[in-house]
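In this document, chain identifiers A, B, C and D correspond to the written order of the chains, with residue numbering beginning at 1 in each.
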Amino acid sequence: MILMKDIYKTYANGVTALNGISVDIKQGEFVYIVGPSGAGKSTFIKLMYREVKPTQGTIIINEIDMSEIKERKVPYLRRDIGVIFQDFKLLPKLSVYENIAFALEVIEESPRNIRKRVMDVLEIVGLKNKARFIPDELSGGEQQRVSIARAIVNHPKIVIADEPTGNLDPDTSWGIMKTFEEINARGTTIIMATHSKEIVNTIKKRVIAIEDGLIVRDQNRGEYGYEI
Amino acid sequence: MNTAMKFRTLTRHLREGCKNIIRNGWMTIASVGAVTTTLILVAAFLALVLNLNQMANNIENDVEIKVLIDQTADEEQITDLGDNIKALSGIDTVQFSSKDDELVGLIESMGEEGEAWQLYEQDNPLSHAYAVKAQNPADTERIAKDILGMDNVQDVNYGRDYVEGLFQFNDYARTIGLAIIIGLVFTAIFLISNTIKITIMARSREIGIQKLVGATNGFIRWPFFIEGMLLGILGSLIPIGAILGGYYYLVNNLGVLDNYSFVTLLPYNPFAWQLSLIILAIGVLIGIWGSVMSVRKFLKV
Amino acid sequence: MNTAMKFRTLTRHLREGCKNIIRNGWMTIASVGAVTTTLILVAAFLALVLNLNQMANNIENDVEIKVLIDQTADEEQITDLGDNIKALSGIDTVQFSSKDDELVGLIESMGEEGEAWQLYEQDNPLSHAYAVKAQNPADTERIAKDILGMDNVQDVNYGRDYVEGLFQFNDYARTIGLAIIIGLVFTAIFLISNTIKITIMARSREIGIQKLVGATNGFIRWPFFIEGMLLGILGSLIPIGAILGGYYYLVNNLGVLDNYSFVTLLPYNPFAWQLSLIILAIGVLIGIWGSVMSVRKFLKV
Amino acid sequence: MILMKDIYKTYANGVTALNGISVDIKQGEFVYIVGPSGAGKSTFIKLMYREVKPTQGTIIINEIDMSEIKERKVPYLRRDIGVIFQDFKLLPKLSVYENIAFALEVIEESPRNIRKRVMDVLEIVGLKNKARFIPDELSGGEQQRVSIARAIVNHPKIVIADEPTGNLDPDTSWGIMKTFEEINARGTTIIMATHSKEIVNTIKKRVIAIEDGLIVRDQNRGEYGYEI
């Protein structure tokens, strides 16, 4: 499903964030990405939906070679991937409802289906009563949950989550994790960067540890930690 | 999948475009303000230049050819000459003026100084004349030459220096006027699209987010297209109001200039309406163009 | 604590203001573009209107009073009359013109039609005359009246209708010119400050952060003051270049209009330099005003 | 030092975030604010540096009644309070160095001192090698550390931290907590909203638990949790 080979990424300012990474993630897997701050987790994740292009190396997603895909086709690829961004990336002038509906309008879903599905995910993340608010009227954790709702609303094949519980209290975090497990059980691939030792050690899944742009550990049902 | 847009998506774009006008609040006001101001400028100068052009035409239309008739010509010959002139192509009017009329006209035109000449009324040295007007003033010279070749014509007089100078001057004025209008329209295009560009730049992050969530370029562009059109329409309202109201006032209050016969404004209907339409068209086209152009460079995410 | 700003803080504001010009990249370019375009417009029209005004003055200065002298006056009386006229206040020049000169002038001014009158050279019905010019053309009427009351004056002739009409027309033209300039300057003020306002609106979040970190309003405002000034200066560069270059070209290439004696441009030095200074001043003042005004409403955090 | 009496806060959109809160925080205290997402923690914190004004109630900070303070004086008050914002609030066009230096330029510190102090805090948060980067070139955790550095650089009397470790890996988090303890030992009051059970339960301090806009628990050396 997701195949990376010898990926290097050097940003325009000269910082090398990834230093030769190879990974193979199968359909339906649940993968944690762990590592210290600035290790390259977000960069690694951004490669998958092409927010970032590798300096070198091959990425194949859903059998499509990302270096050969036409620019026009990228949006269609992204529709199969739901992303929870580390900085949320909500549209500031749209309401919670409109923000989530956007991901469905893009795929020309019918208004009826849009309404139903948006209400469903708002229920899941516990924000049904805040549907009409704009992001600036929400608390940090509420914004993060809107971002989660938008990522899962169109039932993508892959959900990519970059520290999705960083602004959530433990109870809400466990709720979100339960949702992820349910989605995962239905066959969705889940890739989640996290700093939460507790989550990683409780819900045991495959753990990829990144440090200084290198994969230092790749272990099924692993523990949190990135010491080799 | 990429090609045919569903109808509901089109209505969605329309709705979003309209909503964006409201959502962007101050930015919209600032953009509409820029459109309004520049279009008022363009409208004012268009009205001014087109009217001045019209006045220049009026002056040129006043140019007439004075055909002095041989003192020896008899009445029949004079009538023949008149018919011959009328037979020329491009003639508007031919008016006979006896030598007495001519003297009266001359004395009048000279004002107080002319009184000295009244003594000579008995002994009028002038000739009978035809006053000829060309349909197209630019033909004046050609017609004058043709008439000069006819029988019984003593001389043909159309103030050559004056007419040539006038035409030359008017040509300069028209060129300058056209240059001003073209310059202003380009200024308007630049200023409006520049303003819109800044407001869209301020939204570049939002455009980037939309792309990351799976929107195609077309999907993002459509609401901007609608929004640009609406900006153009909203920005045209006050200028059009100013044209319709202001020109009405001008047309009805320029009596003070009545002693300048050539100062006549273009008629309110259809001129004010045509001008309004032009302004609306300019506003809408620049609005759309400015929006769609500006959004383009943020679509590469 | 609030009052005296340390010198190093002033240099800090200067440095930040300059850096912001670079940091804001596209926004700066867009603002400078708007300033440039509007100032070119203002400069072009200022140059046009001021020169047209000058030409109107030239035409008015051509107005002269023709004093017709009694046929019965002898040489001494004529000389006395000339002296009396010169003694009036506000007289520029007094020129004697014999009745023969007058006839020659008349025949010449009538062009081809005048030839008919040459027969009358032996029996010239005209009078000797003085051609009088007022220092200030507006005094023409008063001077003409004074002269009319003098001995040996047959009549005074200054084309009253023409002169009155001319002055009235020039007054209208000057009023319209002034209105255009004022309108354009206000348009420039609006468009420039509007553009700057949008760019600053896009930075409202940054201003809010600065306040939350403990910056006073003055501390935030200073770099914007500097930045506005720099925007004005940068935006004036091209317009000033256009003035200095374009006006130089015009002054040296308007020979084609030589046959219109009144078409003389204001001299390059000092006019082009003065105009440049005015444009720079407008640019800098609006730049500062627009920046400081716009930042004000985001300071309430 | 910080005294609040019967504070109510209703936002413009009608949401009541605080429902009658009274609290007294003494100089030199270290206080955790805990509570579920959307409970009102950030609102409570924002009152102290007047990002938000109460709908009703009295707030006295450093002996100054906030309802009577002149608008002109607010910046001087804020200079005594270092804030780590939940959304970082870095100036996007300034480099890391300039962002931190800004807090010192505001108090007209000398260029020499600015340089020295900025370098010192960059050392503390481990970003010395990223001084010239702008925020967009940093990872989420790096941005958060810049925000922390800016808050402590001018030795404020009070440090207010809104989930300062939400984007940090455990190791870095412990490092930051160590810094807070050091600062606190020197007499600085520290108020920290957090979702980290581990931190609260390990470094035992006063815990104020907020739920639905009410203080449901206020306990010295308390545990994480907001059930009554």
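In this section, a contact is a pair of C-beta atoms (placed from the backbone, for glycine too) under 8 Å apart; a residue touches a chain by one contact, two chains touch by 3 or more.
Note that the structure is predicted; figures quoted are calculated from it, not measured.
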| item | value |
| --- | --- |
| Furthest chain, CA centroid comparison against chain A | C |
| Interchain centroid distance [CA atoms averaged], chain C/chain D, Å | 61 |
| Rounded Å distance between chain B and chain D, as computed from the means of their C-alpha atoms | 66 |
| Geometric centre distance via CA averages, chain D-chain A, whole Å | 29 |
| Topology of the chain contact graph, where touching chains are joined (line, ring, star, complete, other) | ring |
| Those chain pairs that satisfy the touch definition | A-B, A-D, B-C, C-D |
| Residue ranges of chain C in contact with chain D within the complex | 1-2, 5-6, 8-9, 12, 20, 23-24, 206, 209-217, 219, 300-301 |
| Chain A residues within the chain D interface of the complex | 11, 13, 15, 34-38, 41-42, 86-87, 133, 137-142, 145, 162-163, 166-173, 195, 197-198, 224 |
| Touch list for chain B against partner chain C, complex | 26-27, 30-31, 33-34, 37-38, 40-41, 44, 66, 68, 111-113, 116-117, 119-120, 125-127, 155, 157, 159, 161, 165, 169, 172, 183-184, 187, 190-191, 194-195, 197-199, 201-202, 257, 259-260 |
| Residue ranges of chain D touching chain C (in the complex, touch as defined) | 49, 51, 71-72, 75-76, 78-79, 83, 85, 89-94, 102-103, 105-108, 110-111, 150 |
